[in-house]
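The next part holds the structures, each set out as structure tokens.
Here come two complexes built around subunit A, the first alongside subunit B, the second alongside subunit C.
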Partner chain A sequence: MKRASNFLWFLGSVGVFALLLFGWHLIAQSGMVSRVYLAPPDKAFAAITNGFTGPNGLGSSMWATVQRMLYGWVLASMVGIVLGSIIGISAIARIYLQPMLEFLRPLPASAIVPLAIAFFGLSESMVLFVIAFGSFWPVLLAAVQGVSSVEPRLYEVARALNMSRRETIWKIALPNALPDIFAGMRIGLAVALVLTVVGEFVGGQNGLGLEILRASRQFQAPRMFGGVILLGVIGYSCAVIISNVERYLMRWRASR
Partner chain B sequence: MSALLSMRGLLVPALLLLGAEVLVNAADLSSNNIAPPSAAFAALLRIMLDGTLFVSTGQTLLATAMGLAVGGSLGLVAGILLGLSRTASRLMTVSLEFFRPVPAVALIPISMLVFGFGYAMEVAVVAFAAFWPMLIYCKGAIEAVEPQLLEVAQMLRLSYFDTVRKIVLPAALPRIFVALRTATGIALILGVTTEILSNPQGLGFAVMSAQQSLHPDNMIANIFWLGVLGVVVNSGLLWLQSRLFGNAGRPGGGR
Partner chain C sequence: MSQSAVATSQAAPEICFDGVDLSLGGLEILKGIDLEIRRGEFICVIGPSGCGKTTMLRLIAGFHRATAGAVMHEGRAVNGPSPDIAIVFQDYGKALLPWRNAADNVALALEAMRVPKSQRADMITGFLGKVGLADHAQKFPSQMSGGMQQRLQIARALAQNPSVLLMDEPFGALDAMTRQTLQDECLNLVENMGTTVFFVTHDIEEAIYLGDRVVTLSPNPGRIADIHTVNLPRPRNQLTTREDPEFLRLRRVLFDFIQGH
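Up next is the complex of A and B:
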């Protein structure tokens, strides 16, 4: 019964979405907004499906974007977790380092782009560096927060068991900090996608960002909107996948 | 805040700056691309004294504030509507899931086509970016309002508008402020990003053009200033929040 009504609500919300698309279609058809900016939805979807897999198709650009985003994010997560747990477990390191981290955190990551260009030039490594730099902060701060807020008695247990520092981090600190770390990694992934697009704009590296920029310069509104929609698809899939992985890894925790 | 100002917290950054200074000078790395911290500091003083820094800061802050005002208030209204009506929120699920994951930066080329350079394109991008966190957090804030308060409103036969104005908004205000704080951070980031990518004004453009005209001291000075601005805006809002609401805005607080 409950399931059936949930399904009906879902159908209803699909209906609303269809109405919105239809509204978009009407506005685009009416010519109120220039065709140069606004492509009707069917044209935008056609731009996605037309030659999606071909050599110049949006598929290969999408793949390049996804790859770049994942490389940067994985790199940032590994470094962030390692550094974060080292800083988090030592009160002394926190006293010395936390203020600097707090200063760097609100710095817009895209502000680092010019600096990265100065060091790496307009290259693939520049883009990777920017992605990794930006998505590093949420992971690092979450790891520091997670590891430093572990129940102190657990550390006492570790000491009583004569565990080495590495064992303490691996067996006590990290598992307990996992929820925080995951939250940080989820934010990091969203940041990584944004910075991938920024990096592709600036660095001229193949990918959806460059596709959108190119399409806008050639006044190809359908392809531009197609690219934007695909970016949305990437963002949405990432969010769904990571929350499922999170649920799977966290299944040992008492459900609350 | 006290931790931020502690001497021990300043030690590491000071050492790092000193190290960079020594390294750049000793290895003679100064070039068209890299400048030592002392040169960057001198550049910071220079652009402060001739006022260019404050002009670009003003442009960035104005565009961010306008975008935040547009996107934030739309998000607030949408959040209230969806937070109060379970039907509306269920019906909008698919549409929100479709539009929300679109990264705001992807809209910069579109915005540039529509509005050209200037405030309008930046405001549009910032507004889109600020809309979503405001919507999501405000919806959550409204849904967390004590249901008994709404029953009281019903008993008093308050109109929808009065219910929102007299009951819902005051009860949800601390959490709405948290939403505003999050949205402000995102808005500032998107404003600067838009300037770096395309809009020729503000701090982002100052950073980018300093790099392109091979003035690394100027570039680093502007990046540093962006960091200061981020900290000031962030801790200013945090201060305001604890001043206005005490602990009520913190997660789990205020109950």
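Up next is the complex of A and C:
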């Protein structure tokens, strides 16, 4: 029953996708928009597949973008989880760190770019810093929330068992925060992808972002569209992977 | 341990309240509590809501410190929680780790007791078996009924190998059938293990059915009103015990006490 309806949903989304492709095809064919700006779908896909793994192909750019995004995201997540846990657990850390964090948090990551350039130059480190800065906040806030919302009864259980502070954090506070941390990391990953592209634009680092920028400047519409499609593929794959990992790790939650 | 130390710890009551007063936030909660609980005794506490039953239990647990007087465990003052005193909370839904399955929830106690990993699996199977959860080791709390979750909490408490078991209205949230089953299982378990039990309940019949003695508390501030010895043979039986004239007499006495408040 559930299976069948899942399958129908899948068919439906494939249908919508096909319809969009077809609409795109019709508009490109009709010549309403100049070929210079709008490539038909077949040309865009050809731009992806032609020499994908070759020296000029989109494959290496895609790989560079994925790597950069993951490095920045993992860095942001690690720092966010550690710092968030400390803030969530320690009232003293909250007093000292909270004001600074409240000040930094509303800054849009793009406002950090000039600062990052001043420190790191137009380099790989600059891009990584911007990605990490942007995707750090959702993880941090989620970790603080998750760690500080432990059921007080569980702390009594820990006390009754004479568990050390370290054990209590490791076995109670962190697992309790896991669902929140995952939600934060999921948002952080989406932010990381956006900032990776922005960082590549600004920093001139090899990747899909730069590829798209170059293609548009050289009026290579198919290649530009190909790059955008690949970005979509990255975003979608990440969402699918992360929600599967999440479902496995959080299988203890009441099944809905 | 020297001979005489063993002798005194044998002679000392398992738990002793010695002129205990307790104030919390400037408010007098318990006043002049004197109570000795023998080793292996099953003590039930009843009294109107808010009279200090839970607070008394938390004093034994080491969560509160007496303002005056002392709470002693095997002759030594209680000055903090100890794994030798296990607690079963009423709100099993909050007291179990939802991200650990049944086996791993029991493991939490063994880990805290520093039981080597190689010995844990067998012990876990044993404790789950004692509470009838042998076939549910891999289930998460969210996949268990209320009765099963409370059994699991009892298994975790037993895994601490405690000399004292504190139970705060443990069966209050369960349906009548499940409650009776758990009462009998609980009696069996603690009799076999020789555990001393301090059992808080708001159910008069439950108190008589389980207890060797029933302590009544009166409120504002919480004081011991009376201590009733339950002269009913063991093993108790859900039908015959509850029809025993002594059971009915005590039920009447305790009912009148509760009505009076």
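Methods note: the second predicted complex is superposed on the first by the 228 of 256 C-alpha atoms of A that agree within 3 Å, B and C clash if a C-alpha of one lies under 4 Å from a C-alpha of the other, contacts with A are read in each partner's own complex, and residues count from 1 in each chain.
To be clear about the criterion, a contact is a pair of C-beta atoms (placed from the backbone, for glycine too) under 8 Å apart; a residue touches a chain by one contact, two chains touch by 3 or more.
Since this is a predicted model, take the numbers as computed values, not measurements.
Of the two partners subunit B and subunit C, more residues of subunit A are touched by B. Looking at the shared chain after the overlay, A:Pro40 reaches neither subunit B nor subunit C.
Contacts of A:Gly226 after superposition on the shared chain: neither subunit B nor subunit C is touched. By the touch criterion defined above, A:Gly146 reaches neither subunit B nor subunit C. By the touch criterion defined above, A:Arg253 lies against subunit C but remains apart from subunit B after alignment on the C-alpha atoms of chain A.
In the superposed model, A:Pro108 makes contact with subunit B only, not with subunit C. Residue contacts after overlaying the shared chain place A:Arg159 against subunit C, while subunit B stays out of touching range. In the superposed model, A:Met100 makes contact with subunit B only, not with subunit C.
Once the two complexes are laid over each other on the shared chain, residue contacts for A:Lys171 go to subunit C alone; subunit B is not touched. Overlap of the subunit B and subunit C interfaces on subunit A comprises no residues. Partner subunit A is touched in their complex by these residues of subunit C: 61, 63, 81-83, 85-87, 89, 91, 94-95, 97-101, 108-109, 111-113, 140-143, 160. Across the complex, subunit B meets subunit A through its residues 3-6, 8-13, 33-34, 90-95, 97-99, 101-110, 112-114, 185, 188-189, 192-193, 196-197, 204, 207-208, 210-212, 216, 219-220, 223, 226-227, 230-231, 233-234. Only residues 9-10, 12-17, 20, 36-37, 95-100, 102-115, 117-119, 190, 193-194, 197-198, 201-202, 208-209, 212-213, 215-217, 219, 224-225, 227-229, 231-236, 239 of subunit A touch subunit B when the two sit together in their complex.
Interface residues of subunit A facing subunit C in the complex, by the touch rule stated above, are 151, 153-154, 156-157, 159-163, 167, 171-172, 175-176, 178, 251-255.
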